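The next block holds one structure in the form of structure tokens; read it before the comments.
Order of writing sets the labels: A, B, C and D. Residues in every chain begin at 1.
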Amino acid sequence: MIAHIFEYSAPTDLKEALGQLASGGKPLAGGMSLIPIMKLRLAAPEHVVDLGRIVALNYIREEAGTLHAGAMTTHYQIESSPLVRSRCPLLAEAASHIGDVQVRNMGTIGGSAAHADPAADYPASLMALEVQFRLASSSGERTVSVEDFFVDTFATALQPGEIITEVIIPVEDPSAGVSYQKMVQPASGYAIVGVAARITKSGGKVTKARVGVTGLGPKAFRAKAAEKLLEGTEGTAADIAKAAAAVSEGVESNTDLHASANYRTQMARVYAGRALSVAVSRAT
Amino acid sequence: MATTTITRTEPLVGKRIRRREDPRLITGTATYVEDIQIPGMHHACILRSPHAAARIRSITTQPALDMPGVVAVFTGADTQGIGPVPCGASLPGLRVPYHRILATDRVYFVGHAVAVVVATDKYIARDAIDLIEVDYEPLPAVADPEKAIAPGAPPVHPEWPDNVAFTFHQEGGDIDKAFAEADVVVKQRITSQRLIPTAMETRGVVAEWRPGEKSLTLRSSTQIPHLMRTLVAQMLSIPENRLRVITPEVGGGFGSKFNVYAEEALMGFIAMKIHKPVKWIESRRENFLCTIHGRGHVDYFELAAKRDGTMLGLKLKLIQDLGAYHQLLTPLIPTFSVLMMPGLYKFANIQADITGVFTNCVPTDAYRGAGRPEATHGIERMVDILAAELKMDPAEIRFKNFVQPDEFPYATPTGLSYDSGNYAAPLEKALAAVDYPHLLAEQAKAREAGKLMGIGISSYGEICAVGPSPAMPAGGWESATVKIEPTGKVTIMTGISPHGQGEETTFAQIAADELGVDIDDVLVIHGDTTVVQYGIGTFGSRGTAVGGSALYFALQDLKAKIKKFGAMLLDSDDILFANGQCICNKTGKSVTIAEVAGASYRAMKLPPDTEPGMVATRFWEPPNFTFPFGAHIVVTEVDKDTGDIAIKRYVAVDDIGKIINPLIVDGQIHGGVAQGLGQALWEQAVYDDNGQLITGELMDYALPRASRMPWIESSHTVTPSPVNPLGVKGVGEAGTIGCSPAVVNSVVNALQPFGIRHIDMPLTSEKIWKLVNAGGQA
Amino acid sequence: MKREISVTLNGKPRTDEVEPRLLLIHYIRDVAGLTGAHVGCETSICGACTVAVDGIAVKSCTMFAVQADGKNVLTIEGLASNGNLHTIQEAFWNEHGLQCGFCTPGMIMVTKQILERNPNPTEEEIRHGLEGNLCRCTGYQHIVNAVKTAAAKTGA
Amino acid sequence: MKINGTYLVHLPQERAYALLQDPEILAKCMPGCDRLDKVAENEYEMKMKMAIASMSGLFDGRVKLADQQPPSSFRLLVEGKGKIGFLKGDGLLKIETGDETTNVIYEGDVQIGGTMAAVGQRLLDTTSKMMIKRFFDKFAEVTRDLKTPGPVPAQLQD
């Protein structure tokens, strides 16, 4: 319950923050993952750099066909943003599944992505949405695709001293159908599996399918085999079943007290089927 | 003296009255142990073993002692003279390991206390813990009771290599004859998994030593302040009358605080050593690791019956996971299961064998229901298994075997005498509530459509109002003192120690009715051994049934005294006491209770053979337990794809005798059902093979949440208990006991198309999914 | 190294020196002496420590006091005004939405947030909103009733 | 917790067998390990800093090699203890020959205790797998130029 002693700073300016991070500071975003593990003494950063006062990291805006969300935008802000709900409903839906009211009030999209918990809700949608992350460090900025960003369990493309500053999300085709379906671990509320689906149809055929999966493997991933199987089909129940069955292809499933690897694999298929069915039915 | 016409006011007993405890609780002004601040208070933090079994080679404390702010570090070597942690149970041949308050040469479970740091600040105390070095030599451990009694298992206590703490045998009737006459015998292994009580407030102790007065005050989050005083005084070898135990607001107990733990004596020891007040608040992790767990049964049942469904006899081999030590009642809990074995049925013949087994785990002890949920789960499952075997309706087989209303008091083969009942009534009411024939038709349709719909019934009984003193190690009576102050205000001091059950309200209702005073003029005090006469405490659904009865009798004594003073003041022998006034039937003149009380304290004149003052105390010994009963019906639907269980309806009909406050009773039923449902569906304390508790936090131990609870349709039948003057039976544990078999029966019923006969709790989605997808092969 | 923070706690400004690692819940309870919010776990699951920071319900065990510098903190103690219970407090009392009372301050504070954002929640929405708050006594049914009642009162 | 897997290394069998027991190589490849200090034949002490995302912990550890059956198998025993708990691994490594490549087949048991065990349950399997993968990835990287016997190049000793 009591963390180790640490130094604390709360810069209001991004540059200043990046400078402090460059000299070994640990970034604190919403703190929903970091603070609990600090309290259990599983983490003991010497210097915590609180990003919570950098106003310039908290925004949602639309620019030329993309939504831009500052890294410090909270799950609640995403969940309740009329802009996100209309222009990228999948992200709002995913945000509404995270944790609980209090966690959504504090937790941030940047913090969640940077933590790269293999069972977090956001990454499935971020994968399906093919977002990009703008990263910054004291030595400059760069943009990486979501696929390059999530590297492994709790491991991302972030270099020491580097943080996410922005998530860039393509505005959804208004005719697309989306859905995030999650099997909830009863104690923690984390996803046993979570599947985010985006479907675009044209002339009665699925022209584009995007499927992001969390909870199943060491990191969130795109189920490309499933996507391929669905694209070009009419999206019938049989088509969906076939695609859903392929959702776990090439992934070594996680196992824990709440779900064995085999069960998780099967549930990924079931929830992929559900997410795809809803998404297909919502696509116009 | 006023002359008044008396109109009878409506009684408060039986009314939905909002609780008088609540204003402080909803405004954040209640005082729990952690809220206590005493000038100069120090803080303790305990270092605990990460190993389930290990030898302690050495402990190095100096670096911790050197830390600024640390005032002391104590280890087992410093506390050898304190203790042991008491076991109140005595059974023939019981092996009782010496339970030191801090480990000395060896640790026996993960979480075993090894050292304690005392510092000026809780942050410093926590930091200093990391500076203590313990050199452990890990030893093989065993965490599963069946593995522990298998040959070659590592001994938990080297002095008892078979890991058996006791065996216990009980028989009633002629079990061999019953089985010989049976047409059918069904057998099943049924487990009742280890559970973690998880009161939202963890345990905590504040100890304060006043050297001048040579007195120690312990503020502890407990259900049993007086028993704690007696036992801790013994542990610390101090005179009992110089130890004061105060129970401030207690944030839930569910049995886990019906105990005396090492930390209570340890904090007392520290306060006496350092001459400063000291506070210890258990962390949630410690709560999971070191506060008692519940259940932990492996039961082998055999039920013998006639082909027409008449049940003849029941055999049980019960393996109880005790953990590494006996806490206060650890070995007794499974014996309650044996007492409860026959359930509501006319079994003439039973046989039970308990093996109490040591494991390298935290001790099990009383958790909501304490032995009765395990027994009820077993018998109610066995009845369903028999019904399936005989292709009988589960309701019909129950009706056929119930003890009948004209058979009370009913002597059971386990030696109990059931007080009163109409066991068919709640089941009939529950069946009507769900429209059983219609429900069965609906189920048939659902099955045709390939849906897995289940209907589950449990007809449970329980042993409450614990209990007559001969049945309890430390007495089963309860006490009450009622004082009418000179101004007419009424103060009740009860020996029970409620912590959420609402007796500050229900007792005030009883007193207000009996004395005819305004409920706001009644104050209920509990939980301070210096203020309140000795009492036993709150557990076993006894608060109102035993404590309330003591109160009732004290009130009768006072009423008699009031009438004596009234007669004197009104100068008449023809006196009526009603609505808080003594009235002369002849003249119509009256005196109020305040006037009577005032006169009794001024004592200008006293009635013959009457002492001044208006105080009555009763220590009431119940002649018997009470036996509440009821029927719960649960409708479920199982998702074939995921194994998820949806509870479509939850109907609870409970007969808890007379009801004092229906609002509070509803709350008790709901909360009880939630804990039963928790066991049925989600909760399990899981130790790995090495004795590590891997459900060591709320991240993995799944408590029921708001979104997962069904709506509970609660109603009652009322069969008063003849055992006590209030006619109450007790409600605290009913929901829990009735719930789990109804849920499991429902899910097993849903999976009947797959030939499923039994599923052990918790019914996790994965477990169900596997059964469905393996076509019933577990 | 200690830092100075200024917090408006239940409407009253105060300034204190705190260690950065001091949790907001410990600041409220141990420094400011307001013990209504409780600690029920250490993994941010139970919600007993819920308070509002700048009108946002947070688990004060998962926030450092320094993060609250310059902010408005409202605890259960600040809810009643002029001796009158808040509608939600009244509803919890009337509906018997509590037993041991330990989780109650957190429940009431999160209910406030739920109703601020959705004045007429369905039962499902109420239960979803209570997801971050554990109660071991009530089975939640009376809490759900309390939230419904408070909503009806507030809406009326 | 049971673990098992197979890893392909681009080394001949005997070379793989030797390098997998080379304390300098092991020290390089074991995540968070700084160095191994020999305390007895086939037994080493180490200090380890395990870091997974924000989580980290210091461990005092011991590595033992046993039941050596050159060039085909040996047991690797790793123990570590720190303030956040302890871990114990006991693995049998089977080195199966190909010509240019070799399969390392491991199976064993990992025991975790303390805070890590109590709060990290859902992540133990995933992170154990990741740690093992990190070990072999690093092993592949470190041994890329060591297909034939010889001293470990100086640039690897930093």
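Everything below uses one rule, namely that a residue touches a chain if its C-beta (ideal position, glycine included) is under 8 Å from a C-beta of that chain, and two chains touch if they have at least 3 such contacts.
Remember, predicted model here, so these are calculated numbers, not experimental data.
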Intersection of contact sets, chain C vs chain D, gives A, B
Greatest number of touching C-beta pairs links chains B-C
Between chain B and chain D, the Cα-mean centres are separated in Å by 50
So, in whole Å, the Cα centroid of chain A is separated from that of chain C by 28
Averaging C-alpha coordinates per chain, one finds the centres of chain A and chain B separated by a number of Å equal to 44
Residues of chain A that touch at least two other chains are 1-2, 4-5, 40-41, 185, 187-188, 257-258
Multi-partner residues in chain D (2 or more other chains touched) are 83, 115, 119, 121-122
Contacts with two or more other chains occur in chain B at residues 123, 130, 283, 285, 694-695, 697-700, 703, 705
Which chains touch? The pairs are A-B, A-C, A-D, B-C, B-D
Chain D contacts chain B in the complex at 1, 83, 85-86, 111-115, 117-119, 121-122
The residues of chain A that touch chain D in their complex are 26, 33-34, 37, 40-45, 115-116, 118-119, 152-155, 185, 188, 190, 218, 252, 254-258
Note: in the complex, chain D contacts chain A through residues 52-57, 83-84, 115-116, 119-127, 129-130, 133
Listed in rising order, the residues of chain B that touch chain D in the complex are 50-51, 110, 130, 285, 288-289, 688, 690, 692-697, 699-700
The residues of chain B that touch chain A in their complex are 122-123, 126-127, 130, 283, 285, 641-642, 682, 686, 694-695, 698-703, 705, 708, 764-766, 769-770, 773
